[in-house]
Amino acid sequence: MTLLQQFILPRLLQWVIVIVVGITITFLIPRLSPVNPIQQALARLTQFQALEPEAVLQLKEQLMANYGLEGSIVEQYFRFWGNLLGGDLGPSFGAFPQRVNDMIGRALPFTVALLTFTTIMGWIIGIIVGTLAAYYPGRLTNLVAGVMIVVYPVPYFIIAFIFLMVFTYYIPFFPLIGVFRGEPFEAEFIATYLHSTFLPAVTLLITGLSFRFIMARALGTAELSSDHVQYATMAGLPDNRLMYSYVARNTMLPQVTDLGLSMGAIFSGTLITEAVFGYPGLGDLLLQAIYQADYNVVMGITLLSIVGIATASLIVDLSYPLVDPRVRYR
Amino acid sequence: QPSGLPVDVPREELFVMDQIFRWSVIDNYNVWGPASGTPHRHALMFETLWYLDQETGNIMSGASNEPPVYNDDYTQMTVTLVDSLKWSDGEAFNADDLVYTVETVWNTPELSFGGWHAQFADFLESVEKVDDHTVTFTLNRPAPRFHKNFEARWAGLYMMPEHAFSQIEDLVNYTYQDGPYLGLYAPVEMDPNGFWNLFKKRDDPQNTAVCQYHMNEDCGPGYVLTILYGDSTKKVIAMTRGELDAFMNVDFEAFESLLASTPTAKSWYPEFPWAYPNETSSRLIRFNFDTHEWTNNKDVRWALALSLDIVQLQTEYIGGVAKVVYVNVPYTPKLAELYYNHPRMQEWVENLEIDVAGEPYKPYDGTVADRIGEWADEQGYAQPAETAAASYGSGWWKYDTDTAAKLLEHNGYTRDGNGDWFTPEGERFSFSIQAAPDEVDSFRVANAAADMWNDFGIDVELQGLERSVWSANFETGQFETDAPWLSFVLPDGDGWPQMRSYHSKYYVPAPELHNALGGGTPARLVDPVLDELIDAMESLHPQDPQNLELVHQYLQHWVENMYYISTVSFKKFVTWNELYWTNPPSAENDVYMPLYWFQGGRFSIGGLESLGG
Amino acid sequence: MQTDREHSLLSVESLQRVFVTREGFTTTRLEAVAGASFAIRNDQPEIYTLAGESGSGKTTLARLVLGLEHATSGNMYYKGRDVLHLTNKERRDWFLKEVQPIFQDPFATFSPLKRIDSYLYETTRNYKMATTREGIDAHVDEALHAVGLSLAEIRGRYPNELSGGQAQRVSVARALLTRPSLLVADEPVSMLDASLRMSIVNLFRSLRDDYKVSVLYITHDLTTAYYAADRIAIMLRGWVVESGPVEKVLGEPLHPYTQNLKNAIPEADPEKTWEGDASLAVMDTEEYTRTGCRYAGRCPAVMDICKTTVPRDIEVQGRSVKCFLYDEEVPEAERMQAMANGGLVA
Amino acid sequence: MFGIVGLFTNIRDLMKFSGAFRWGFIVLVFVFLMAGLSWFSPYEEDHRRDTPRGKPPLTEISIGRDDDGERIYARTLLGTTSQGQDVFWQLTFAVRNTFLIAGTAVFIGRSIAILLGMLTGYMGGVFDRVLSTIIDSLIVLPRLPLLILIAAILRGDITTLGLGVLLGIMDWAHPSKRYRAQVLSLREREFTHTAVFSGMNPVKVVVREHMPFLVPFLLADVVSGFLWAIGMEVTLAYLGLGQISVPTIGSLLYWGNYYNALLLNQTWVLIPAIAAAVFTVAGFYMLSQGITHYLDPRTRLTRLGVSDS
Amino acid sequence: MSPEAAASAGMEQARVNEEARNVVEAEGLKAWYITQAYGVERTVKAVDDLTLSIREGEIYGIAGESGCGKSTLLKALLGEIVSPLTIVGGKVEYEFDAGKIDALKQTAEDREAIRWRRVSYIPQGSMHVLNPVRRIRDTFHDFIAAHQETTREKSIEMARSYLQELGLREGVLGNYPHQLSGGMRQRVTIALATILTPRLIFADEPTTALDVVVQRGVIELLKEVQQRENSTLVLVTHDMGVHANLTNRVAVLYAGNLVEEADTSTIFRRPRHPYTRYLIESLPRMGDRSERVGIPGRPPALDNPPDGCRFHPRCPLATDICRQEVPPLLPVEGIGNGTGPPHRVACFHQVDAPLEAGEIEHATEMPHAD
């Protein structure tokens, strides 16, 4: 019995099952939606026009064919898997004849960049500040903690709106929507990119940070009373060493686990933050797609998120021993 | 302060206008194909034969500047084209282009996302070039409205460049990015994320219909940027920051705050009620006749109408900025003349009597517009010199809850000590009204109705639904009452194209899609009188006086039955910031409408004058 | 190995338990109990001790006996019945009544969030030892008296309101409620100080003598084992290396490991200090995976054969020893030489 | 652990014992009072146009007429909304309804989570594997999009309670995993074996022996559940997918935003709602901190006045 | 052990005693746990009015039942006073080469200078004090670098050679704590505490919960460390066997009070305090299966200790005076050779009879004074 058979393969199998189940659920749910993509498209295509009844019927058929919505739901399901395994997510309904692949391809880098940056920064800063707060309890710490606890429940979009008002209206420094000039990786592009991404990033950072801070402080406080920290303290180890190698380092296991899983929660955050700041990422795309019952786009994005989160948690599971040598695979 | 604009064009050459949605199809300008997304672009890049202006009801010149000529029995239509237009590559526009366009659409269903293919397939016998600028259409049966296919209000059949397209193999998937175009502008840059699109003026503006209309060799800004900032708040901020020259619409409150911060901003009227009031549509309260029995009682519907205080609705809820209408015909100057102020209609409405428990009752109240004017005075608003009716629309139904109560009681409804109404079956009289909050005025109409009916003693629940949910609901008949928008007539006064879908032959029971047979209405109304009128209109030319009479009859019958409760015309805070560009359409400059994203928007854009950087 | 199942209270035959653990990216197969055999007699109650250093598999063996762990192979009989394959019902209705545990840490035995008497009532009720309220109280009180407590003393108290000794006694009392024939006590005194230790061990003796309860007493404290037990089995890395009457095994240990254990006991006498060098275990797992004798690595009298071959159990001097030093098949000269090398007494 | 009788003494003890609890308790009492006040509101819950629109706090407004038809004037405490409602009284309804939603969600979510977490943790084996895989599949589903989809499917027909139930049904996978882990470790604790040898069946063991240990954990979890539920309620309302005519914290924000409160500087319609969310969550947070600390065995020992001999 | 060996051990002891000066002196030490629970103050008098001195180079044992204040005493002697532990009175002084140091008033700098270099500590449960996610070598580096200039290479090299001298294999350095057995971890902790050659080592139950074999290894290691540097070892354990094997002098604590203090052989041969006698008599011995009893009753709660002699409720010799007056800790006259520290006992009814090895005195046979 090797590790591969005992642990890695079953874990990989689980990964596959999780993704298949997840995708099946997201395949079914939009199809229960009362919003009919054909009607939606019809309304879009014929707005302000008085159309012949015959033309309406003909258009409908045309749309059905275009969207690949013919056949029973089972047929559609298998066709969907066929396409998916061929790497094709089909056409968008809302933006026919665009391919979902292309649409996601365009939006993905923006969201990934934003998410990676804010998540990792939030994670690091949150842990540092939280650990400091655990290590130096006192008035200042309580103040910071108080602020964090207050910020924590404030909805994403409220923070986003406040930033929007303050930094685009009263102090009109940042652009109102994502403005990107120049070719990728040119100086101008980077400058405009940073300029446009700043506000959404800070919004996400703040909300992520407050949670991370609270968690890091709680874990740090618990760790402080552990035997090894107390012993090292008695032995007169310097504060920064204690904080870094004895407190923060030991809270990594739950923090890393949570980092993997929090990708899902953050995804929710980007959804609205992107909409508020006119940021061309997946969130805004998804929101529109849901409204238009654009199944293929909804599927494409949720699929991405499912695979992303499942993979993140797979990696987290597999890397536990690196994070905490005590962990045993069972 | 860094510029928030995504393009590097000198501001004095650039006109920035609010893009009405985020483009999801990128770099595809094939408006005939399935990628179809026309707003802004059709005004900037394309031409139809004619343009029907909703402000004036006039036909304005496009690729043709003469009305179509039909033969006597409406089986042949002849079109004369303008001879001075050129495609942007210098090639002259001529009859070949029109014939090619019609034949291509006729033969290619995939290139017919305005529904023209079906129309041609239905009516067209042949299309022939007579000479370089004359084309004759032979029809397989009388079709007095065949020219409507070429006449744009929002959209019409756009001309294709025969010399270029005939070279293209797969026209359906052709993205048409490099021209040639017949309009004044050509796209030069597009945001890959669909938030904006930059257009550049042609080198030969004198060869376009727009500049010829304006009799200006070099009309219009050098560049036009359409850009989507987002909701009202963001649009107002953008305009305050000087990064937006025109926007489509904002909320009343946002507009007021803009006026305070940006003195150069201006909508249709320079003073109250500011907003552009003449878009061809109106807000109403709709019943679902199929699923809820009580809606089928005319008296109940009238009782509901009489228990609404239209003045309060228009002032308190809409802010006084839309015109009141008692039927689903917007109160544009042209339509007011054809309907509200037409002697036949006027006489009819003033003497209209309904039966209230056996007693005749005159429900019409002609003082509504004046009372709104008084209210505006009270608020201290300066108002335009026009008559109150021109600003505030028609009369409406009396606010008479006693009569409404009588109507209900006559039908077996009862009221308890608290003033709450109960149905003849003894249940609380309650229903819901659905509306989409982002359709601001509709939602506020629903809001007002719910409030007032609650005050009257009916338990009305207001449901604000996300737009797509709301529309899915009415499409499948999942509503009791709701607040949509529509007009029974076109800007020129014709009624048939809109009214015909109420023909009972299109009736589909809920919960099937209301348009499962192509036509049909969400209200699922069946009325033989309407059927007769619709059938009669079909063979009449729109401008035929008999047609107008039939439309009048239709409207009268409609009102007498109070099938829908119409409330106010459409209004939009189309707003121009005269910081870089001036001379937009307005109440003082009302030769055409200001909805720049419509096909006719090219006149507005072409008429702009630079104020320098 | 076959024991006398019929006449044994508990007979354990070649019991084996293998754990597979993965640590980091390596897998280890660990035979925590490797073919252990012993029997507790039925005719007369006895205290049977399992002793051995830490990690020698005592707890695992106890858990196997209690049915908390599944055996990888081997047999186990209780009163002649196979108890490795009991149905849940049999287990609950019969076995759990007969065999009851006493755990090492009296405070871990009871949930700190519950009143300690609730366990007594639960046990009485669940095994239907009494039905009426008074009956239950009386039954509980009786068990408590057996351990020198009374219901009045502990009623309504939380575990941490009792002293360690009291809590451990309650634990014993709880086990006695079902009138078991066998108590399995896994290191019941290691957390207690000397004085409390004695009171618990004395309690076992009186239970055996007055209540006819056998005790499987697991410990690494050889002094109390010597003091209380009748017979003893010494465990080493999953093996039972020496077993027999306690006076014999601990009085004159034969196996080098037993001798080492005995030597390591600090005597409360300043004049008796340790002799010889201590030989310390290296990593636990290393010895488990060794071929040959598991003690070969630190045995002072190691022979070549020890490093390659697993010794068998030899009956010698009234006990059973798992060591080549006493194996007739190994040339005597070689054995004497090895003993001399190791400084062992023959 | 909390007998009904002991509840009050426990609360009194906690008040003395923990500053966090004290503050959390006071804040929550305040929040509950707000909710309770809703039953004494002079206005109906879903009624608009009760007051002049968009008036700032402490303005004198007409609130109707007395029997003689004379206008009655009063100051509004927190101002009025653009729909003509008194912010203060709307807030009382909002707090009540949001409590109902979040409370239902938390109750349902945690019930499922505890049940499944404990079962999978205690039973182990195939049962655990299958269920854990299902739970894992649910965890990877992005919940907000799913919720938006479902809310859309329900066509805005979703009632306050219904939303709570829906949220509850969506929020159990994460916590159940955590409970499972707890039970897995509790299962190995010796008192579990004691319980088994005392003849308790698995359900009894889980409920009587393990449950009490999950309480501190549960409390922390309830806070995050509350936060999530409020967040989702608010987000759905913001997207116009809730029942926006029912006052909730979310719908207050929705309407404030709908009427451009920020642009118009009518912050008084937004701030109370945000404050209510913050107070509720922060209150629960502090409360749970206090209780957790109180239940911590280490502090418990000194608290109970026993030595660890 | 042969009689000669025993004699030489005794002589060695005497030699230490004669030459040595006191390294630690505690006077009237009161270390109480003062807790605020529910706003109600509770005081646990864990160490109450205790005076002792420890000589340089000796192994000083502290014995007593669980919960009698042994660990607290060590913490107080170490000067590690963390709330709720409070020094209510008394003083603790160290004397190394350079004058006296007040142990209870150490500043952060003092601590850095004194801890681990001069005074070091092996806490109770020392197998659990290593950082579980840090390799042993890094922990060594942390502890060394905290007190002296070093580089990683240097400190690891230092650790390596030290561990080798102490008979731990080198591979240990690369391991994580959980990869070591309990005994090995304990030995690593001992190495950590002694690598900087402290003059004074406090060891708190370094061997509880270890099996005898490992216990023996650990104790021999401690002894080796102590002898190599001739440092002073203060050893706390309730295992009398360990005391007998290792210490030179033993102090017996009961409920926060020092009740008897004498050199090891005296404590085991001629204990005078009834409690000490119980403690030693109740121990079972190999080769002897006759019945022994524990001390009756249970230790008092330290937040409300009995008046008078704290042992009186359990003492068969107790009289009224025991219930009313606290017996003073006084030297026993005429015992010892007069040069070493005196045998001190706090009892009104001292028993002056030798305890014969192997001889059992039944509790009921304890002579009654009344």
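Letters A, B, C, D and E name the chains as they come in the text, with residue numbers starting at 1 for each one.
Please note the rule applied: contacts are C-beta pairs under 8 Å (C-beta built on N, C-alpha and C of every residue); 3 or more make two chains touch, one makes a residue touch a chain.
Please read these numbers as outputs of a predicted model, since none were measured by experiment.
Two chain pairs, A-D and A-B, are compared here, and A-B has more C-beta pairs in contact (counted per touch definition above). Each chain gets a centre from the mean of its Cα atoms; the one farthest from the centre of subunit E is B. Per-chain Cα centroids separate subunit B from subunit E by 95 Å. Taking each chain's centre as the average of its CA atoms, subunit B and subunit C sit 91 Å apart. Centre to centre, using the average C-alpha position, subunit A and subunit B are separated by 40 Å.
The distance from the centre of subunit A to the centre of subunit E, with each centre set as the mean of the Cα atoms, comes to 57 Å. In subunit C, the residues touching two or more other chains are 23, 163-164. Shown for subunit B are the residues that touch two or more other chains, namely 233, 237, 466, 468-469, 472-473, 478. The residues of subunit E that reach two or more other chains are 66, 179, 298-299, listed in rising order. The touching residues of subunit C, counted against subunit D in their complex, run 66, 68, 92, 96, 100-101, 103-105, 108-114, 119, 122-123, 125-127, 158, 160-161, 163-164, 171, 174-175.
Contact residues of subunit D toward subunit C in the complex are 1, 189-191, 193-200, 208-209, 212-213, 297, 300-301, 304, 306, 308-309. Subunit A contributes residues 33-36, 39-40, 42-43, 45-59, 62, 66, 92, 94-98, 103, 106-107, 110, 164-165, 168-169, 172-181, 192, 195, 275-276, 278, 280, 284, 288, 291-293 to its touches with subunit B in the complex. Put simply, subunit E touches subunit C in their complex at residues 1, 6, 9, 65-66, 167, 169, 179-184, 209-217, 219-220, 238-245, 264-265, 268-269, 278-280, 282-289, 291-295, 298-299, 357.
Against subunit A, the residues of subunit E that register as touching in their complex are 78, 80, 111-112, 115-116, 121, 123, 125, 128-134, 138, 142-143, 145-147, 176, 178-179, 192-193.
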